[in-house]
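Look for chain A in each of the two complexes below; its partner is chain B in the first and chain C in the second.
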Partner chain A sequence: MDKYEVMATKTTPYILLDPQSGELLLAGESWPENAMDVFHPLFEKLDEYFALDKEQLRVEVKLDYHNTSSQKLMRELIFRLQHAQDSDKNVILNLYYLDGDTDMMEDWEELMDDMSLDYHILERTD
Partner chain B sequence: MFSFDVHSIYRLMRDNHIQFSYKGPITRDVLASLGDAIKEKLHRDDCDAKVVRRVFSILVESAHNIFKYSSEQVLSEETQKSTGIGLIGIGKHAADTFVVFSGNIVSSEEAEDIKQRLELINSLSREELKQSYKTQLKSGTVSANGGAGLGLYEVARKSERPIDFSFTDLDNGNKFFEMKVYVKVEDQNG
Partner chain C sequence: MDKRDVFWQEKQLLEKSKQLLQDPTKAEVSLAEYQELLSSYADVLKQVIQLTRFSDRNDKRMRLLTDKLKRYVSPPLFKKITSGKETVEINKTKRVRLSIFFSDIVNFSWHSRDMEGEALSAFLNSYLEEMTHIANDYGGTLDKYIGDAIMVFFGDPVFVSDQDHALRCVRMAIAMRKRLREMHRHWYELGYENPLFVRMGIATGHVSVGNFGSSERLDYTIIGTPVNLAARIQGMAAEDQILISHPTWALVKECVPCSEAIPMNLKGFDNEQLVHEVLLDEDAPEGELKCIENPDLGYSLKWDNSKLSLEELIKLLSE
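So, the complex of A and B:
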């Protein structure tokens, strides 16, 4: 599959799913009117990626802000990652929050607290 | 034809410490510009980054409610989709408190639904609110228009409660819904 790259807009994040490096990156802000427009095309690409003979996916989520609709879709993303892990893929998930943004840190904790997927919640200072 | 004076709008905004207010179709572009202006203004006033993010978040969730629930709709040229008309803005309620306000026309059925949800949210303790948010996050699906049913919970989580809201009866059976949400500047350690 080709690299899947979507440039950021004011309300949608930069997305890169690179089958070469085995990495998925989400960065910027995510608050479109309808977050499905952002996440559903990504889910299709992820299905494609996991259908490849790849053992690992590293997921880096470096969002500065995301709205509740995006949070709901993040949960669906996590389910998909968890499913991949259950199917013997090695998934590394790093969820970042900006220095001092304890609200987002809590958002990530709440998102993950009933998931079996391994993850790290990390502070970033960039 | 026009029988208003700009001065009265000026005074109303000045006397109530309203920093921004917009009335019209709440399109993505409008929201993005409003967001930029507010972030810039709050940063210039040396506001804590956390407060800026909370104010912005409440603004976004309130605006998305107008998108979805306003009974005044226009077709957006930008997206070719219908978008709600409403009023949104921010002001200073006290030296240490911001207010994010929004208003739009809703049907009486929508009004009843919003009223019940806000009354429920206002009755919850902080801890219950956190639990309800989590339950809502983990149940149900996103509706076709992108709604996750989380917006008002998020607004409540990030603000001083109760959420201040009211409905005004209009001639045609509709209601004008207004909501004021207060965000307090916390102690840096808070």
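So, the complex of A and C:
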């Protein structure tokens, strides 16, 4: 599997899924016309990655802003990660919120409600 | 089912529910199927609750951000931008006739020489706060603060008539001067011995108004000779004096008593410019003092309309 990298645009995030380092990064803003255009290809790549029999995936989510459709699909992403963990994969999820943005912190807390995934909600100062 | 649809799973669930009911081979839905549907519905509801809260928080974020940004632009411009009427594009300018106001505090550097940084900013901000409040009351577009100087224009984005913008501009200047006199007492009590005086200048003319700057940073401002004229006139004003250009005077003279034209040589202007001083005593009720004059026909009349109506005046003159 090749490295999957999508450069950021004004309305879509930077995405990097690196099978070598076992890391997935989402950064920037996500408010496209159809959020599925961003997330569907990523879900396909994730399926491909987990099919590689890799043991670990570290997920870093550093979104500055995302719309409601993106939040819905973030929920689906979390479900997929949860499913991978339930299938004995080691998934580490770090969800970041901007310095002082307690609303985004709440967004992540609510999203992770009832999940048994190993996750951290961290403050960003960059 | 199109898996590129954000709601494809929910639509799939709905379709499955319909099929269960429409299946002619089934007399009734089994308990297991019902439990599965119920569980799916609970998930959907949970998702709806989460997303509604998320959306509300995003709305709140947007509202707070808008409230912060609001302070950086004048109310008429803010209204225009947020209503979608302003496209916020560079090189989008138009040529219109406006009235432009400039003021600055006489010898502000001298006044501020002994002030500490915080005291100076508190002092300056209290002055700017009051003046801005008055500019907004009169519907002016606050263009910028330049230290202690204020630049306001009238007639855009909201235009009624040339007389309307010129009159509102002059009346704002009168109101500012009045408020400043009240503030003298307040500052004196706070320990500032020397009263502040302002110089004010107004000009009316055609300018280019719109977005100037770069694609990353725009200023909604005005450019043109009347802007320079207003600034130069203001520079010539004495303490507490309001000077206006001849075109401004022509628009307000029926309502605001002014001096005869004073020819002035101004930097940057080849010809002498005619300037008038606003004479209205701002302690008199605004708009009550009426004036009719025509030097060519040899008459000039001023009267207090609150005490004598035009009809009564005509009757008095004809007696």
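The working rule: the second predicted complex is superposed on the first by the 126 of 126 C-alpha atoms of A that agree within 3 Å, B and C clash if a C-alpha of one lies under 4 Å from a C-alpha of the other, contacts with A are read in each partner's own complex, and residues count from 1 in each chain.
To be clear about the criterion, a residue touches a chain if its C-beta (ideal position, glycine included) is under 8 Å from a C-beta of that chain, and two chains touch if they have at least 3 such contacts.
From a predicted model like this one, the values you see are computed outputs, not experimental measurements.
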Next on the checklist: Based on the shared chain A superposition, would you classify chain B and chain C as clashing or fitting together?
Outcome noted: clash
Checklist entry - Touch check for A:75: first (chain B), second (chain C), both, or neither? => result both
Next on the checklist: Is A:20 touching anything from chain B or chain C once the two structures are fitted on A? First, second, both or neither.
Outcome noted: neither
Next on the checklist: Tell me the contact category for A:35 with respect to chain B and chain C: first, second, both or neither.
Outcome noted: both
Checklist entry - Given the touch rule stated above, what does A:11 touch, chain B (first), chain C (second), both, or neither? => result first
Next on the checklist: Which chain, chain B or chain C, ends up touching more residues of chain A in the combined arrangement?
Outcome noted: B
Next on the checklist: In the overlaid three-chain picture, which partner chain does A:67 touch, first (chain B) or second (chain C), both, or neither?
Outcome noted: both
Checklist entry - Looking at the overlay, does A:110 come into contact with chain B only (first), chain C only (second), both, or neither? => result both
Next on the checklist: Out of 26-34, 44-52 or 116-124, where does chain C collide with chain B after the chain A superposition?
Outcome noted: 44-52
Checklist outcome for this item: Note: overlapping chain A surface for chain B and chain C spans 34-37, 67-69, 71-73, 75, 103, 110-111, 113
Checklist outcome for this item: Contacts from chain A onto chain C in the complex sit at residues 34-37, 40, 67-69, 71-73, 75-76, 103, 106-107, 110-111, 113
Checklist entry - Residues of chain B touching chain A in their complex? => result 28, 31-32, 35-36, 49-50, 53-54, 56-57, 60-61, 64, 67, 79, 83, 133-134, 137-138, 142, 145-148, 150-151, 153-154, 158
Checklist entry - Where on chain A is chain B touching in the complex? => result 10-11, 31-37, 65, 67-69, 71-73, 75, 98, 100-103, 110-111, 113-114
Next on the checklist: Can you tell me which positions in chain C touch chain A when the two form their complex?
Outcome noted: 3-6, 9, 47, 50-51, 53-55, 57-58, 60-61
